[in-house]
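The following blocks contain the structures, represented as structure tokens.
Each of the two complexes below includes subunit A, the first together with subunit B, the second together with subunit C.
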Partner chain A sequence: MSRSTLRAILIPLASVVLVFAVWAALIRLFGVDSFVAPTPLEALGAVREDWSILWPLALQTLEETIYGFVAGAVLGFVLAVGMAQTRIVRDLLYPVLVGSQAVPIIAIAAPLVILLGFGILPKVVIVAWIVFFPVAVSVLDGLARVDPDLVALARAMGGSRARIFRVIRLPATVGPLFSGLKIGATYAVTGAVIGELVGSTGSSLAGYQRQANSSLDTAAVWGSTLLMTAIGIGWFLLVVGIERLATPWRTRSTRPRLGFGASIRPDHRPGDAP
Partner chain B sequence: MLAVNGVSRAFDGAPALAPTSLNVAAGEFVSLVGPSGCGKSTLFNVISGLLEPDAGSVRIAGRDVTGRPGSVGYMLQKDLLAPWRTVLGNIVLGAALTRGVTAADRAAAAELAERHGLGGFLDHYPHALSGGMRQRVALMRTLATGRDVLLLDEPFGALDAQTRLGMHRWLQEVRAASGSTVLFVTHDVDEAVFLSDRVLVMGPRPGAIVDELAIDLPRPRTLEMATSEAAVAAKRRILSLLHAEATT
Partner chain C sequence: MNRTRILALLLALAVGALVAACGGSDSEEAATGGDGATSAAPSGEPTKLTVSYSWPTVDFMAVPLVVADEMGYFAEAGVDVELIFPPDPASSAKVLATGDSDIGLITTTDMAFAVKEGLGITAIGNYTTSNNWGLFTKPGTPIALDTLKGKKISGYGDSWTKAMLPFVLDAAGLTDGDVEVVTVDWDLPLLLNGKVDVATNTTNFMVSGVVDETGEQPGVLLAKDNGAPDVPVWVYAVNDAFAEGDAEAVTAFLRAVGEATVWASDNPEEAVKMFEQAYPDNGYTTTFNTAGWEDTLQYVRGADGSLFLMDDAQWTALAEALKGIGELDEVAPAAEYYTNDFISMD
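Here is the complex of A and B:
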């Protein structure tokens, strides 16, 4: 493992340890009782104790997150592409976009449950509701920022409108798309949990937490919160990983090849080319 | 090969290009020099088909291509390489934009790049290349469209003087191999003299061509020729024309 890879793993781990250390120190410093607020070790212990219950619930939350995230990303992307085509459509839909985010999610969650039932659907809709916005805005922005000179060049080369869209405009949105996806990824799990809080009959992470709360099992409340956070971080990292694979030109100097040659080719950096 | 006939254009009533005519013979290298805002860019946009002229026509090999893009190869000061495409992917951009890239396009592009010193960079992304290399790729992209007439709009304008000298030699070689007809815009009088068969001098806005002079130097041109009596005389003449236009 190279030095830089090691750093890329160790430093974020160190920041997790740092957060836990500050948390533990504050508990000690103020002499907080453990039923008021647990130390990180107590919270983690509660997760380990109930792992067999929590694990399937975590998978369920993850499932809601994934479906909602994908639905929201597709919706946001399609909306942005559609809006970029004509000014009227854009001017018509932009206020709707902004309005959708002004609606307090927590307030719309309950009516959505009445509308869509207690199953996975309202959670997916809430996640999608949260995710589509940053994706749509980023992609719209990306489409607007395509270099007009590049488009003029493409026209001078004889490119039709449709071809220019496919060969120039669409690939240019990939970077902005991932910017939107990363913002969406951090909020997506929050959306799923809000859906669970409002519309669950009990068997969900949020339901577990509510139950722990009412039985004054503070360690389990904090522990399940940690678990939700971990899912959020994990999801974000996955999106970052996909981004690296999907946009090799941002991090590599040459096109990746499959097989062994890919990693051992000499790496040029901007500026040191002949 | 390229015949521009009485082309003019105004924007919102303000003339940007006075009626202009010029001819470039097959295989000829013609430069346009003139002050900023003299209408060179407007003229290029008309020839490339991006802009409809108010009057006049553009013909290539006898065919009327006025207002019809896709008839000439076009290159600007900005390299405009697509960052997500490799060097090879950028060279075949013309095919991607018109009919889809075939294996033959890729092979031809690779062969072209190798012949002109870019062979080791086919899989590189543009950000990994220097400014000079990027302009070389941009020229390869222009050549790969297979057009006989190339419009080069200050292609080396953003490069440092040292790199530019290398590019001049390289461009000579490339053109000797391709036999392309070139119309070249530049601010650099030395560059115009060194590269061209003929130099056209444009007047200030709304420019038209005020004079032309032939550069009678054999090819390939060498450093000695760049400083020869004939070259210096040509440079003096062009500069005096530009100065005269600047003061009137």
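Here is the complex of A and C:
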């Protein structure tokens, strides 16, 4: 394992350990009773104890998160592209976009269950509702930052609107798209859990948490919260991983060894030595 | 020192802090609950009591407390009561255990779990003396044991529903697999919109809610008449440390609440009016509050007409039900759940 890989693993690990240490220290420092807030070890112990119950519930929440995330990302991207193409569409939809996020999600969650039932659909809609906004705004921002001279040049050279979009505008959305996706990834699980809280058939991670809260099993409440957090972090890291694979030029500054672009150094600036 | 060593040092420090912070337990601290006994109030001054409610917001179940305050029963008893509200329903017992309140209105399941967790609280009197939990259908839809098969039944994912529903299903000759149980956050709109066939709740909240919304009575299947144990749903409970330090105040509180309950029973409409004046922003209609309080009144007295009195059987039956669904490992001796010592018999 290379030093940089080791470092990439150890630093985040140290931050997690640090958070747990501060959490445990605060519990002891203020003498917080375990039925109010457990120590990290008690919470993790509750997860271990109920793992056979929690694991399928976590998978279920993850499934809701994935479907909602993909739906929200696609919707956000399409909306942004549509809004970037026509000014009137942008002016018309932008306030709606902002307004959609100003609505407390819990207020629309209950009507969604009434309309869509107790299955996965309302959870997917809630997650998509949360995810589409950062994606749409980020992509829209990326499209707005395209160099107008570049577009004018391409147009002067006879580029069609579709080709200009594909060659110039679309690549400009990649960076902002992943920024939006990463923001959405951190919130997506929250949406799924809210959906589960408002209405679910059978068991759910939120239902488990509510039941544990009802039984005054505080360690299990915090343990399930840790699990939800882990799902959110895991999903975020997955998006980061996909970003690294999809956009290697954003994270790698070394000279490509083979193929197209071998003669181009990404970090080469005019005036630098070759 | 290079950066790798600094990183390793930081990691080691973090692990060390975690081990130090997590090592050892504070079981004694957790069990004591609160900051100990409250000293007696100076002669002539009322004893200040903080009472925590069973729900994060106020509703008609606070009528006895409001009446006791407004009619001067608390003042006569020498107590000055402040009503506080927990951040969520499940925290009502915790608020009491931490000593943030001295006395609390909690569910009997909360009390059973509090004993399991060693929270240091004890039930001092029934609020309701009977089980008014049941299954409900929207107006015009009959409900009986033989109509439950294949129905979509909503619950709040709470321990009470989890404990009681199997009894009713068993009485109907059904199991979990014969019905679809869904967990919801608010059952009334789902029931009235036909999204669930049957809702589970207590009569005082569901009947009043349906009457308020539709002007008609829902179909009711009371669990206690259909296989479930007839155990009270709500009790007054006390922080043990407070009770040890000021038993007289606890007795005085119950005496005042008893007088208020009797008055509010004889004058339900005036009592509700008094409640609505005390809490003008309670968020419910007068129809809801009146129907809810009148329904509650059916359950506040025991079979012998007494208020508050508890017995071993109710706690054992409840604990057995909770053990049956795996929520309790063992049924504690009944005396660990309650005491009638603070109920004045005069």
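Assume the second predicted complex is superposed on the first by the 251 of 274 C-alpha atoms of A that agree within 3 Å, B and C clash if a C-alpha of one lies under 4 Å from a C-alpha of the other, contacts with A are read in each partner's own complex, and residues count from 1 in each chain.
Following the convention adopted for this analysis, contacts are C-beta pairs under 8 Å (C-beta built on N, C-alpha and C of every residue); 3 or more make two chains touch, one makes a residue touch a chain.
Owing to the predicted nature of the structure, the values given are computational and were not obtained by experimental measurement.
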* Considering only touches as defined above, state whether A:Val36 meets subunit B (first), subunit C (second), both or neither. => second
* Asked: More residues of subunit A are touched by which chain, subunit B or subunit C?
  -> C
* To do: Return first, second, both or neither, reflecting whether A:Val78 touches subunit B, subunit C, both chains, or no partner chain.
  => neither
* Return first, second, both or neither, reflecting whether A:Gly158 touches subunit B, subunit C, both chains, or no partner chain. => first
* Asked: Which positions of subunit A touch subunit C when the two form their complex?
  -> 3, 7, 10-11, 13-14, 17-18, 20-22, 24-25, 27-28, 31, 33-36, 39-41, 109-110, 113-114, 117-118, 196-202, 204, 207, 210-211, 213-218
* Partner subunit B, residues of subunit A touching it in the complex -> 147, 149-150, 152-159, 163-164, 167-168, 171-172, 174, 247-249, 252-255, 257, 268-271, 273-274
* In the complex with subunit A, residue positions of subunit B that touch it -> 48-50, 69-72, 74, 76, 78, 80, 82-86, 93-94, 96-98, 121, 123-125, 127-130, 133, 145
* Touching residues on subunit C, where the partner in the complex is subunit A -> 4, 7-8, 10-11, 14-15, 17-18, 20-22, 26, 29-30, 33, 88-90, 93-94, 97-98, 109-110, 113-114, 116-117, 119, 156-160, 162, 180-186, 189-190, 193, 195, 327
